[in-house]
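In what follows, chain A forms one complex with chain B and a second complex with chain C.
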Partner chain A sequence: MLHLTIEFSGGAELLFGNVKKHQVELNNDTKWTIRELLVWIKDNLLKHKPEMFLQDETIRPGILILVNDSDWDLLGNLSYELNDNDNVTFISTLHGG
Partner chain B sequence: MAHNLTNSEIERYSRQLIIPDYGIESQNKLKSSSILIIGCGGLGCPSALYLSTAGIGRLGLVDDDTIEISNIHRQIAHDENKIGISKAQNLADRCKALNSLVKYEVHNILFTKTTALNLIEQYPFLFLSIYCTDNVITRYLINDVCVLLGKPLVSGSALKFEGQLTVYNYLNGPCYRCLYPTAPPAHAVSNCSDAGILGPIVGMIGSLQALEAIKVVAEIGTCLNGRMMIFDGFDFLTRIIKLRPRQIETCLMCKSVLSRENLTKKDREEILENFDYIEFCGVSNYNDKSINISILSDKKRINCSDYKNFTESHLLIDVRPKCQFNICSLPNSLNIPFDDFVYNEEKVVENIRDKLGNEKSIFLVCRRGNDSQLAVEILEKHFNDKEIKDLIGGLQTWSKEIEPDFPKY
Partner chain C sequence: MPVNCIRCNQNRAILKRPKTGDAMCKECFFFVFEEEIHKTITDAKLFKPGEKIGIGASGGKDSTVLAYVLKTLNERYNYGVELVLLSVDEGITGYRDDSLESVKRNQIEYNLPLKVITYEELYGWTMDEIVKKVGRKNNCTFCGVFRRQALDRGGLILGVNKLVTGHNADDIAETIFMNILRGDIGRLQRCTSITTGNEGAIPRCKPFKYTYEKEIVMYAYFKKLDYFSTECVYSPNAYRGNARMFIKDLEAIRARSIIDIIHSGEKLAVKKDAKLPIQGTCERCGYISSMNLCKACNLLEGLNKGLPKLGIGKTDRLRKQYNLSPAYSLNSSMANLSLKSSQLSLNSEKDCNCDCGENSEKSCSNQAKNSNNQLNNKLETIVDLNF
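Right, the complex of A and B next:
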């Protein structure tokens, strides 16, 4: 099994019943990239309002994805292949001041 | 070494001068630098106070807003005696009382394309602007002007128990637009007056903005360019994340600056002019704090005085979040938070059917009269035999026009 920690912060947790940290196990018969993970999260963790999470099959603008505290853009974006024990965090950008 | 500090400055700044990694060179650089702080609220107050006491040469303060009592729990330079006074002016006065050696400049303006470029350009020695503003359009605009002028931007933001801090457009680090090439949908953005904010959170982020500004100006230490601090004060978690480098291929602003040599003033004006911020951010104007929407036709709405005189039995549903309902509510109102309407429509309808007796009317109320209209649209689909209306202007208008003793927040 592929073990992942999935975290939400900056308000993104509101889409997930206000739970900030999720430990998940995925069947690793096939390879998992962020692309597949996003769909899995939408189908399994997201409560409602999918358009507030995904847009055009990628993350909606204003949410930054981190893998092990690195910007996903440094790792190949949607095609980053997940490893066991990766931490994937979704951070919604804050605008308050 | 040669420096331009007077004896009284040496005495005043002595406790920072004797830090080996800071020293008189850093103080010299601070003294000959200018910083523009955009937004004189929760983040701008501590930033300005610390930069002023640290001995920055010149400090520009921008804000078009005036002080309200609900600002004071976090905007620590403002006080009870200054309600209604300009935030920028009051912050300058407070800083001046702390350090009169600094040159202060007050700008009571709203940032638009024209004002942003002209103002930031006025700072010939400006090394950075600190932005502390709570709307998206201004954040993109300030970022773009900083990229066009090649100035670092110390960016802070805070909401509820959380804060974010980084330095954009500095060395090889990304700008705001490199990181967020597309603006978030307008309805996904929440601000302090809707979502809430705790004082120590903005206080901490604002203070750290001053720290980063000092380091950028003095060219010491390692700044947060290319990295971002994420702080969650509720569970006390801090993480420093690694960001992508500057996106010279894909970022509209970085690309347009780096693809040309020696941008002139006219080039910059043209680049900004050709960009429609209002459309890009999907908002109605530059001051997009809490807009009041109007989506229902008049016959589906009731104003506060008509509601006051409405004597027939009816069901009043308050759609604010529970924590706001607990602060104050109208008598006999039933609290069903708007989120439940969105996330749990069926259950909400079932709940309302249970509560309904012979009432022919359902009225919906919220804080400002926006969510209540959306709730009317949802309920209409299920209760077509009822009269369903929203209370125009919500509890804010009720408090203003009908019941002055009703709490304002």
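Right, the complex of A and C next:
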């Protein structure tokens, strides 16, 4: 199994029942990239408003993704292949003060 | 494949900078982030030694990072300014009360004085009460107009020389775009200035003018700064929301777009024959305004008289219909009429003994009160239908 820690912050947690930290296990028969993970999150963790999370099969612009505290823009974005015990963080920049 | 930092070439990069595309490690990112803001501050000569600077603090990411960075830079570079936090409490239960808690935590952590100014003390109305009256359609107009004045009035009470706000590069690009869409040339011209309001009100500066939202959020994340993030419980401003998503879409395709829009906005020249609104002062409260009555006084009069649509869009007809003094642009010929500049504070609206919401200087009879009440009842029915 592929063990991941998925965290939501900056307001993104509001789409996930206000739960910030999720421990998940994925069946690793096939390889998992962020692309597949986003769809899995939408189908399994997201509570409502999918358009606030995904847009055109990628993350909605304005939500930042970090893998193990590194900007996913440095890791190949959607095609980054997830490893066991990766920590994936989603931070919304879209929420005001 | 781990990427190394372009600056120190030693540590693993943690961030791709949107403005430049550079990969940077945490320490180098902190350094360049702070240095760029320092450069913005010194290039524009924002602060002078001895000045008192009010930081508009909402408890959100931008103002939290602003307070932290200004405190850091003030100590590092001896700006010699006195920093104070200024928060506006609009009176929105479940939103502002929570975010103010985060400001209060920052106040303790950064050891800065804090002043909270409320809509209730300034205007006699909380946003919760206003929404009950006006519904959920134009409430953001009230809130935006009232907030702008509230910061100035709070600044006056604190005796600050300048106010700084956390408006970032994304916000400014969004505002330029919105002003183009609305054909608002006056604001289009003003919105790119790093300092505004030199003409009388307390000058307002935006030290984050060139700072990307992504970097502000990343900075807060890596510094583990404590900020509050949630949507306002009342409906968000849909028009701004669209502009915002458009800017974010552009950024996703080409991150430099944001800084390029600001550059375009700064270099735009307004034709000489373009008619710009004349900036004067409100005859009722003395606040800067391009009308004889400022927007806040207009809205407030509407609230107090049970005419919540007053001040929203064109309201000449409504004013005439209910025999209210006319509101007009200072550009118009009526500006030549002699005006009584009463320079009253907003609170004096409440001075009237009969509690009709009328200004004490104006005639107020019980007769007027009764007709007002009848009016209120009628209008509430109309308003309910409209919203």
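The rule is short, and it goes like this: the second predicted complex is superposed on the first by the 93 of 97 C-alpha atoms of A that agree within 3 Å, B and C clash if a C-alpha of one lies under 4 Å from a C-alpha of the other, contacts with A are read in each partner's own complex, and residues count from 1 in each chain.
Rule of thumb we're sticking to: a contact is a pair of C-beta atoms (placed from the backbone, for glycine too) under 8 Å apart; a residue touches a chain by one contact, two chains touch by 3 or more.
What you see is a predicted model, and the numbers here were worked out from it, not measured in a lab.
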| item | value |
| --- | --- |
| Contacts of A:L94 with chain B and chain C, given as first, second, both or neither | both |
| Which of chain B and chain C A:E25 touches, first, second, both or neither | neither |
| Partner chain(s) touched by A:D73 [first = chain B, second = chain C, both, neither] | both |
| Chain B versus chain C as contact partner of A:G62, first or second or both or neither | both |
| Touched partner set for A:K49, first chain B, second chain C, both or neither | first |
| Those residues of chain A which chain B touches in one complex and chain C touches in the other | 9-11, 61-62, 64, 66, 69-71, 73-74, 91-97 |
| For the chain B and chain A complex, residues of the former touching the latter | 39, 41-44, 131-136, 139, 156-160, 162-164, 179-185, 188-192, 195, 197, 202, 230, 232, 235, 239-244, 342-343 |
| Partner chain B, residues of chain A touching it in the complex | 9-11, 20, 47-49, 52, 60-64, 66, 69-71, 73-74, 91-97 |
| Chain A to chain C touching residues, read off their complex | 9-11, 14, 61-62, 64, 66, 69-71, 73-74, 89, 91-97 |
| Of chain C, residues touching chain A in the complex | 2-3, 12-16, 23, 58-64, 99, 166, 170, 213-214, 216-218, 221-222, 227-232, 244-245, 248-249, 251-252 |
